[in-house]
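Structures incoming, each one as structure tokens.
Look for subunit A in each of the two complexes below; its partner is subunit B in the first and subunit C in the second.
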Partner chain A sequence: MSRSKIVGAIEIGTSKVVVLVAEMADGRSMNIIGRGQSTNIGMKKGEIVDLSSVSDCTHAAIMAAEKSAGNQIQHVYLSFSGSHLRGFRHAGATAITGSGNVVTATDVQRAVENAKSKVLDPGQVYIHHIRNGFVLDGHPVESPVSRQGSHLEVQYWHVTADEKKVKDHIMVVNGFGLDVNDIVISCLASGSLLATEAEKKQGVLVVDIGKGTTDYVLYRGRRVVQTGVIPVGGDHVTNDLSLGLRVKSKLAENLKLRAARAMVQKEDRNEKVPLVGDLSIGDSFHSQLSINKITHARLEELFIILKNRLGSLLTRQNLPCGVILTGGVSKTPLIGDLAEVTLDVPVVVGQSPDWVRHSELREPEYATVLGLLYNALYDQKEEAVNPKAGQRKWLSKMTGLFN
Partner chain B sequence: MAGRREKSRSSWRDIQQGSSRGKKTTKVARQRHLVILLRSAWIALLVVAVGAGVVGIKYFARIAQEVPEPPGAASVKLDFRTDGVLTGDWFRQAFPDILRIEIRQVDVGKVKEQLEREGQVRLATVNVSLPSLLIVQVEEREPVLRLRVQDSGGKAQTLLVAKDGTIYQGSGYPVETLLRLPGVSGLKVRKNEDGYLPIPGLEPVVYLLDQAKEQLPAVYQHWRVVDLGDWNPEQDYRPSLVRISSTGINEIVFSTTGIDEQIYRLAEILQRIERYQLGQPKLIDLSFREEAVIRYK
Partner chain C sequence: MEQPGFFPEQDPLMDGQMPDGTLRIKIIGVGGAGTNAVDRIKLEDLEQVHLTVIDTDNQVLSASPVEEAYLLGRNVTNGKSTGGSVDKGRMAAEADIEDLRRIVRGVDLVFILTGLGGGTGSGAAPVLAELAVSEGALVIAFTPMPFQREGSIRCERARKSLELMRKYCHAVISLPNDLIFKQVDDSATLMEAFAMADKWIKLGVHSIWSMLFNTGLINVDFSSLQSALAEPGGRTIFGTGYGKGENLLDQALQDLEKCPLLHLPEAGYFRDTDQLIINLTGGPDMTMATVNRAMDAVSEKFGCRNSLIMGASIDGSFYNQLRITVMGTVRSTANTKAYAPVPAASIPPNRPVAPPLKSAESFEEPASAAAAARRHQGEFAFPRQEENRGLFERTQQNLYEGEDLDIPTYLRRGIKILRS
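On to the complex of A and B.
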């Protein structure tokens, strides 16, 4: 019997809230049936500063998505970002004491628990524990069970966040009468969608430049090696333009979207760009060169920060597949060239996979929310493979009715 | 509250969800809750309505099944007695309404009248024995002949002729009994409202058949058709003849007067033919007083 679930992917971004509704059948197929979007005015750099307006915007977007889907969302996948996100590597280790020094599932479990047991600072919670592989007696192994050894180590990349900020996000969704089934950090969501398995194997960096933050994830050997958030985004470019050209923020944003380029070119000297662009009386003109210089400076700085963060990981040897740019800012002309020059690795602007047929959904702004649905589909597959997990969720839902 | 410490959490999944208390709800969310509540209420109402409908249909179906049986009907018992072949089941089928009314409301006179209107019943006695017994006693007519007629629609129909000349549709007779009855032809019958008028003056014919059956059973059993074309109940008007067709002798002609003597003569003739091996007769006409015309094949 085919069971379908109505899954909602919610991205509460700095500039807008995007909600996609999909129907998933037994973890085998996904059909996007609804979309809702609203401008978000209550966030700064990926963090909620006005809970009330974020709730209004989010609820309006969810409502619009449910209306267009003609169905109510049953499961929610929420993307999460913000400069408070931290990532660190922490390994768990255990000595193999069983007969013949053969690694058992219990040994693995013990090592995993050890890796996850690191006590966090007060007010911090784990968002993800991403396994980075096993090391048995100093040698990396894919699966250590049934192999001989004396010391097992499991590598983990942990992502933590500020508990209060996580609560705020959950509270916004709960306020609509929905529970959050899973939280996925933005870069993982967009990374899982844009990077192919081959790229993840060879090494690739996915950089999602949003309005408030830049999220990145580095894959190598099919594993997530590092994630991070840089509190710099498109808003900074807008702000710089506003200050540099002495225009209002709203006009600067408009100017950025219309005319800003990431690289300065010779012909920019003679080019003038109207501020409003509608030929209205009093419309002033600004030099394309100035606009591009300001944009270039801020984006270059962003890539330098990224380069410094990743250090030796960001080399052509470590990242044969280079960098994939996504997010709204990745639509800036010549940003790929700038990134390539600054990071010294091949850079491409991300393309949604072919199964995303809707032309608007193929825009880079939707990479995160589509990635959330992609993750949700994998979750459903796991649930289909391991029905006990599904039963547990069902049971908890039922018991939750009487709480 | 000062000094109060929240339990430390390690995963975001430990954050309690679900309770709307303290959550930031908006007008849109409240509208949605209201829509969900109304929809749930509507579904619940629909389920209740469907359930009530099903129960109602079952109830009325049960009532409808009970309606044909009036109160007390089940307690009315029938005692049906007859000297013929009719049974209690025939009575129930022929008069279904009588057993469905209150026993005290049974009009015995009317039932008797209705029964006696049935050609097969010659005499009926109907009694009510309280509290619930209806006693019906009937005397039946005995069929002597079979009559084949065509009804108004042109459809052939077999009727029975009783000894008193009553024509009726027989019921309950064994097939062998009916097959043994000779058919009648040449008879003009007239219809009335209920069926056919009785044939007057049939007694001599019946007497002839009875005597033949009694005196010459071996001969009678081969009689197939009694032709009454030349039969006349008013004997003074013209000679009244009964022609019998049988399987052995093609035709035996009787007069309706002096039947005993004709039967005797027929017996004598048949004995003589057999004794002297005179051959198979084709015609024996006994209607000439003391003489007989015999024609051989």
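On to the complex of A and C.
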């Protein structure tokens, strides 16, 4: 009889903390049995500014999720973002010295260790090592073991983070009495959910525009080629509107959700949008044109930064499947058109796969946390196959998923 | 054969000019406040600088230790003050225009120090400035502005006169008393308080003077100053910071940041300046490394779009000390990125007593036609870029290619937003 596990996926985001609880059986299937969320007020731009309030929000969300699941979480997968996340490419290489120049598992191991051995700046810590394939004597190969060659290289995309900030996140979960099984940066979580295998093979960019940050991940040949974080998100649109129209942030947020569009259109000129919209006395009206201009300027700039970051990777030839947008801001009307014009690649707004049935969970805000569960399922499968891996500590464990 | 460089038809009045091309600098104090400021500078003893004081009030002039004192408008005011009448001040200057012309003739650089708001300063100084420019001098004016409490009439008079000065002078550095006196603590005597205002003028004059005359490591000479300030009519940004001892560079940068003159609401953004001059004055022990680091820090902070002139000079008495001076001009007032202060549109002109800083903002608004038109259109902005971060006020800067991404995009790109 297989033993099922209760797994919790926790996303500590700038807008809210979302916790999903799923029951997993040997990594074969999972049922989402509980959800809890709370508005997060202690974070800006994806980073914690008030630890105690983030902690309270997270605990409230976990509590609500456990209550709705009617069960206690046993394993925790955590995702977060923030501008302190960095990524870089670093290859490891080794010479093949064995008899007959046949690559052995030891050679591979040596190359991999070589790639991972780059010393980081003090205070930085590796979050993920993502293997990007092997190169044997200048030719890319899928699996080098037992092939002939003299020089083996292994490509890696490394993700690093500020150790203190990672520890803060983990401490928040530990504070509830839970250990963190694994950490996945949020772009990898949402990316693995939204992009299909076919898209990952041909090349696709998943852009998650959240409240505080914009996270992106670029896939090609089924591998993560690049990840990154731009510390600009929906909060910036709100802030721009609040300063530009001189209204309070809360009202600006509301106005953004109701009226902001990513492109300026002809008919905007004559449209007026009420600030509160409840026909109350003293409600002021704002020009749709101004709202859209401000929103357009901010989002266009965001896409330009993205384009500059990725350079030649972001062209029609290199990215046939284009861009998948997700995150709360992707609900902005016309954002797809803006992205398509600015980035010059096909753009779609992400859809959760069909196995996500619950209509609310299909909203783009849940892509990260669902992706986190999706990753957890794979991880549990690995554990089921390889039980000695068991409960490892997060620092050594963290890098497990993407090897 | 005629020798090159020899001009027989030279104006006989130009004879006073030094033949070897040495710079002639004149500091002219106009009116009571201007005279006081010049008196104080006299104690400084700057070489190669001529001091002149001009007033309509004989009493003020006779109290001044400056040798070259000129009584203006003998026939208009009979040696008494103008009694706060700008028209009288202007008439006095126009009546003696030939004498004034003689005062500024052949001078390369004229500093006009004048307190605006009174009669002589507000009336005569613009006339003098126009005259000096037409005589080919580079004219830089330092103009203390009256307290808001001195009454709206006086402030309005000062504001109008400032506009005139801006039109004629190559650079006008206005020093609102309200702002400067904020630095003075309550126990200071009146004498000390006014010495503070004069100190700023002295600092300004001295830093420009030392830029021109002290040995330059990286030289900013008169010509570069001239080309930087080529056209009259712009707004001027001026600031200075001082540091000494071990962390002299950090101290100087901090002090520069705190310089009240950089916090004028009209000063706008440094990135908007057309041309920025940065000068360091240090002792003979100043190292090239210090200069480089300072330049890096300053240009990163204030880097302007078009051009940056950097200078570093040595002052023998500046051992273990450092002074950073920045000066820039914003030429076209029609520039869409020239920001009007926030409260400008909503404050009635003769508002009663208000807290000093706010009032400084209200009377310092650039009142050119373009600015007025901008206000009319409903565009608005904030006096300092740092204050445009709203939600992100207390978070780290979000730098991307030199721009702070937390500041609204439309502001950084200068997109006009109409408000209903």
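General remarks:
We take it that the second predicted complex is superposed on the first by the 389 of 403 C-alpha atoms of A that agree within 3 Å, B and C clash if a C-alpha of one lies under 4 Å from a C-alpha of the other, contacts with A are read in each partner's own complex, and residues count from 1 in each chain.
Convention: contacts are C-beta pairs under 8 Å (C-beta built on N, C-alpha and C of every residue); 3 or more make two chains touch, one makes a residue touch a chain.
None of these values were measured; they are calculated from a predicted model.
Clash-free side-by-side placement of subunit B and subunit C is the outcome of superposition onto subunit A. Looking at the shared chain after the overlay, A:356 reaches neither subunit B nor subunit C.
Between the Cα centres of subunit B and subunit C, as seen from that of subunit A, there is an angle of 150°, stated in steps of 10.
In the superposition on chain A, contact is made by A:45 with subunit C only, not with subunit B.
When the two complexes are overlaid on their common chain A, residue A:231 makes contact with subunit C while staying clear of subunit B. By the touch criterion defined above, A:298 reaches subunit C but does not reach subunit B.
In the overlay built on the shared chain, the residue A:240 is in contact with subunit C alone; subunit B does not reach it.
Superposition on the common chain A brings subunit B within a closest Cα-Cα distance of 22 Å of subunit C. Per the touch definition, subunit A reaches subunit B in the complex via residues 51-52, 55-56, 59-60, 63, 66, 72, 116, 119-120, 122, 125-127, 161, 163, 166-167, 170-172, 174-177, 179-180, 183, 400, 403.
Looking at the complex, you find that subunit B touches subunit A at residues 8-12, 14-15, 17-20, 22-26, 28-29, 31-33, 36. Residues of subunit A that touch subunit C in their complex: 44-45, 47, 49, 83, 231-232, 235-236, 238-240, 242-246, 249, 272, 284-287, 289-290, 293-294, 297-298, 300-301, 305.
Listing the residues of subunit C that touch subunit A in their complex gives 380, 388-392, 394-395, 398, 400, 405-406, 408-411, 413, 415, 417-420.
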